[in-house]
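Next come two complexes, and both contain subunit A; in the first it sits with subunit B, in the second with subunit C.
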Partner chain A sequence: MNLLGHDIFEAYMLICLVAILLLGGTLHVMYLKMIESMVLRTEESDFNLGDLMRSMHISQGSNFNIMMILSWSLLFVALAFLYLLTPSIFPEWNYFKIPRVASLDWGFAIFGVAALIPGALISIFVPKVYSYYLIHKRLKAIAAATPVLLLGSIICSMHLGIIYPTSNPFFWNLGYMMLAAAAVLMILPISIGFLEAWRQ
Partner chain B sequence: MDRILKALQEGKEQKPQKFEQLKKLLYIEPFTTKEYSDKLGLGLDFKGNTTLNRTQDFVVRAYVVNSNPIEIRRAIYLRLEALLPGENAFSQVNSIPQIIQINEYQESNDGLNFTYRAFPELTSFRDLKRVGTVVLRLKATDGQYTWTSKNLTLNVTNSPPVLSDLSIEAPNPTRYNDPITYVANVTDANGDAVNVTLHILDEKGSERSNATQMVTSGQRVQFMASQYGFFNKDDAGKNFTYYYSFGDGINVSVTGIQKGPQLKKSTAIWVGRPKVTPEDQNQYWWQSYNFSLEMKNQEPEDAQVQVSLYLDTKAHPWRAIASQNVVLSGNPKAVYFLVKPFDVLDANQSFRYKFEYSEYDQNQRDHIEQDAQAPLSAKLVRYDTISALSLGNVAAILLLAFVLGLLLERRFYR
Partner chain C sequence: MRPCIVGIGGAGGNILRQFLQSQDINLMGLQFGRHLAYGGVKGLWLESATQDTQRQSYYGSLVQGQYPPFLICHGNVSEGSDTRRYLSDTYGLDLKAPGFDRRAEYLKGIFEVFEFDPKLKEVCLEEFKSNDNPLSGYMWQVGIRPHTIISTSSARSKLCDSILFIASLGGGTGTGFINPITSYVRSEEPIFPIFVLGILTEKGTDKRKATEGQRDLGAVIAMYDLLTKASGEGIDALILVDNQTLVQRFGGNYTGMDVCIYNSLKPLLDLRNYPGDLLQDDSQGIRRVIWEVNGENNGSNGISRRREGAGSEGLLPPILVPCYCIQAAHEGDELELVEGALGKGSLLPAGKDGRLFPCDPTKADRVLVFTRGFFRTKDIKEAVQERTGLSENKIMVYRKLGGGKAEDMLILLRNPYGGTIGEHKRPGTLEWRLHDIITESINYIENNEMNILGFQSYKEITKEMLRKYFYGKDGLLDELYDCLERLREGEAPVFTRPLRIFGNGMNALGNCQEEQQMAASDRASLRKMVKEELRAIFNDQDCRRRIREILQS
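Moving on to the complex of A and B:
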């Protein structure tokens, strides 16, 4: 099925991915509001939200921070590779429309680095978001799978680019699943933190 | 009274001679009273420099002072006369005289009755065929007296046409049958049409042919050699010169002698068997392709010819790929271009190629075109998924992302 030249299935799947990320953002905002209302209930005196956020800060450790910055940067690369590498989803906007880059042996790397830039800009704020949550060691260990999943998604997308114009839906689906799983893992600490606060 | 009128009408029809005699008998000479002054102030009023260009607009007016009071004034008939350059007698400018009626005067502060009359018939000397001194004067009459004004002398000049940016548009080197165009810009400040004649001189400086065109000012004059048949095969190898003569009907000028064209010695070459051999039968865009053409000189001596290769694909229409100079003898010679001419946009596209050469071939053409037998392969990436380059690309992305993560963490979270 095709809608304005774009595959409608893949377009829906993109909406699902964006929804997962938006859900993470929404849960984070709701979590902060919930904490604020809880503090207001227990403490009658006036307090500053900035002070509260400062007092909530928990250092997650350098390794975790680097891993999450890496994961969020790679998320953008994986998204760009999955949707913009071959002309099959967006025929007018794709890597092969930049012939000077696409004709190079290191074209994929250049394309990846270009996608990395917006990812890195956003990921600057990521460790700060995670610092409001109590993340257990076990959860941190699970979250370590995120860059691996994203790397797997990137390799699947690259394979699709290499074999183009032949297509292989299995690799696209696999790449998408890995990307979606990585996105879920990335918002998992926020979701768990929200659920814990909600239960209380 | 009615009877007298009727008798006169009948007399006019039946006895015209008697009627004329009666008219003469009854005619009364125009008369003026004793107070009537026969002095009339008459002058030409002209503002500005008396040296003027042909196309320059001006206003010339008659200034008339009549000292007679309105009761005894008579109508004045005005004529403007001009003595044009090269003519011996004055000619009348206004075919119908201007009439100043008795009540058409203004009174000045010192009691003079004066009036002005402009002449719309003369506002410039645009149509003058010769330039030089023009003398204007006025003649006035009241039916009894005649007055003539002082002469007004004007010096009328012409702006001669100018021919600029003389050049020859032709391929370099130029062959006798190439499109050769002589061009020049024509300007004339007066906006006159300019008659331009091109004179072509041979090696001895003798005029061998000429051609004329009428051009309006501001236009480009173009003489195409093929249209006028200026050159033929016998002219190959000769050097020519040229000049222009041009005029606007008043001034005629001549340019200096200009060089050109220098016609190249003509060579007749033979070409054939254009061919493209891909490095691989799959015809991937990243591969080398060998484009070849057989060529020879049809004359016994050696000839240097420039051969260029062009490629036409949907993404890159008629792109120049390579060029080389080859020396052709009487024996056929294969000219090769081993190139990698395509990029990723050419994948899955068919293509055409063209060899262009600096001499005409056996068909009087300077190029040969050919279609590729099969389109390029649709494959876009030259390496496999499991390959050093593929893994290298992934490793590069991962490494950079990791370094970025490390730097950002150190910069913002330590």
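Moving on to the complex of A and C:
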């Protein structure tokens, strides 16, 4: 079963993953709007969204921030490894299409670093989002498990890259599950913050 | 408000631990980077008993650069210190005493003697260079100051804009140290906000077999000294918590009590102000509001003034009683929070509502309300007004943003006592609780003269000074009887006249020292010397001639 020449299942899974991340972004915007409306309802003086965001800012701790920066960076690496390492999902867009890199001893590493660059750029800005939420320490600890899941996903993908052209659906599914779980954990503080604000 | 929280003694250290809990995560059991406590506060545990610091693993040695840190108060005093030897030989007081066994007067004496014995001061300055008091100076300069914006550190924006001392009132180290250290800091920094959270110990005999009377005496001495130092001489406010109230709520769960105290103060420490209220809750602003006297209330109903004839007139620091309530964010409104914090009826049995010290909220002369949640200032004021009867301009509201599962409210009642005769008989009032501890203290003083004056190796001079302080005319005992009278009459303030052990300046001490020295061998030799001098004068021909001339004229 192919969709525009690609495996339809994996493509749907990719859409789900993107949807999770988009959901996180949407919930964040809605959260800010909800807080703004609640403050507007109870505030006598004028303020703008910038003032509100400055007021909402709270330090989450350098360890947590580092873990979230690492998580967002690794997310893109894990995504690239799962979908672009072997030609099985995107035959035209994959690691093996660059034979000079693929034939190097450090080929996987170079591919990983290349995928890390956009991730790192995003990760500079995204973790700031967490500073607008009251995140319980227990939740922080859970969210901090994300890099482990992402590393697990990367290892599964690397295994698939090593055994290519043979394939192993179990490792792909495992890698995907870990990636999806990591994405859920990364937006969990935002989702919980949104739900708490929504209940008010 | 971002205070440097200083826990003194065992109880202070335990409560401080809650405040300093890291809000950050551990990475494989380790934490890197800056320690992050709630509200960005910093903290320090001051302890005199080295063995107590060794029995725990949470705090690390400040001297070794660890954080959260503990500091041994006498850490800079060596075993063979000249100052220590002088103090011990002259007064029988030990600078390195390992804990102070429920005796507030012991440390009070140690600190006062440094102020009033110039020779001791001289010895101390020679040994400790810039410090004329080796304990207070060390604690302030090495322990506390570096965490405050007064320090010269480059990261000033992350430093503390005030100090909150936490000490038990009725314990050992905290009860003894709280006055000397706050006075010292004030002498160094005249306008830096200094607050004290004092936790009155519960009723009955404690685990260390210290009787209620003995502990209450320590508490009364500490409170007395804290509350009789006028504006600019001591603390800015004493926040009172009664462990008896917490015991009724939590049974013997001391950790639960510590958590309760920490949670109650969270709205004060929260940095997420409402967008329009950003500058409201800086420490200097709160300090100003706490000291503010309302135009129409210059007397008993406003902030207390030191009485005339009781030293220089000045405003006295207020008592603040914290009242706290928390509820699920989607349940109830500000009225329910206010009622939860202050109680619904007149006076409920202690422990059934959010008051952390028995008091009648309607007696407060001013109220500071700290909320976390989404409320209108007007609605909060109306709710508080309904419960306390205070006018709107005496209710200060500090709103912090909500956003969590719960919303909560801390209400600080300023001086919720006085104005009505006979309130000491009504259980649940502040007068009733103060009357209780003062009565216990009086009983202890009257029945334990030997225990008070015969402690360890007190020298005669110290015993004499203590006797005057406790039992002398206008001494503590007399003053406490006056305090009881004021409580019965509904007068405020209760504590008015500052009292010292090494009291009336250097003259008293000097005379006493001279007297003691003369009493020894010097008196006889002086007598002999005077006799010889007189004989020489009268034997002198010139002198005899002059005397004859005077007699003839």
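In this text, the second predicted complex is superposed on the first by the 200 of 200 C-alpha atoms of A that agree within 3 Å, B and C clash if a C-alpha of one lies under 4 Å from a C-alpha of the other, contacts with A are read in each partner's own complex, and residues count from 1 in each chain.
Methods note: contacts are C-beta pairs under 8 Å (C-beta built on N, C-alpha and C of every residue); 3 or more make two chains touch, one makes a residue touch a chain.
Not measured: the values here are computed from a predicted model.
Q: What is the contact status of A:L52 with respect to subunit B (first) and subunit C (second): first, second, both, or neither?
A: second
Q: First (subunit B), second (subunit C), both or neither: which does A:R199 touch?
A: second
Q: So, does A:S62 touch the first partner subunit B, the second partner subunit C, both, or neither?
A: So A:S62 meets both subunit B and subunit C here.
Q: Applying the touch criterion given at the start, work out whether A:I8 contacts subunit B, subunit C, both or neither, answering first, second, both or neither.
A: In the superposition, A:I8 contacts neither subunit B nor subunit C.
Q: For A:V29, select first, second, both or neither according to whether it touches subunit B, subunit C, the two together, or no partner.
A: In the superposition, A:V29 contacts neither subunit B nor subunit C.
Q: Examine A:P165 and indicate which partner it touches, taking first as subunit B and second as subunit C; both and neither are also allowed.
A: first
Q: Of the partners subunit B and subunit C, which touch A:K137 in the superposed model: first, second, both, neither?
A: second
Q: Is A:S103 touching anything from subunit B or subunit C once the two structures are fitted on A? First, second, both or neither.
A: Touch partner of A:S103: subunit B, not subunit C.
Q: Considering each complex separately, which residues of subunit A are in contact with subunit B in the first and with subunit C in the second?
A: Looking at subunit A, the two contact sets intersect at 62, 66-67.
Q: Contact residues on subunit C for subunit A in the complex?
A: Where subunit C meets subunit A, its residues are 22-27, 31-34, 36, 40, 271-276, 278, 329-330, 374-378, 399, 401-405.
Q: Applying the document's contact rule, which stretches of subunit A touch subunit B when the two form their complex?
A: Listed in rising order, the residues are 62, 65-67, 69-70, 73-74, 77, 96, 99-100, 102-103, 105-109, 112-113, 116, 119-120, 123-124, 127-128, 147, 151, 154-155, 158-159, 161-165.
Q: So in the complex, which bits of subunit B are touching subunit A?
A: 285-286, 315, 343-345, 348, 378-385, 389-390, 392-394, 396-398, 400-402, 404-406, 408-409, 412-414
Q: Spell out the part of subunit A that touches subunit C in their complex, as residue ranges.
A: Residues in contact with subunit C: 35, 38-39, 41-47, 51-52, 54-64, 66-67, 133-134, 137, 140-141, 144, 193, 196-197, 199-200.
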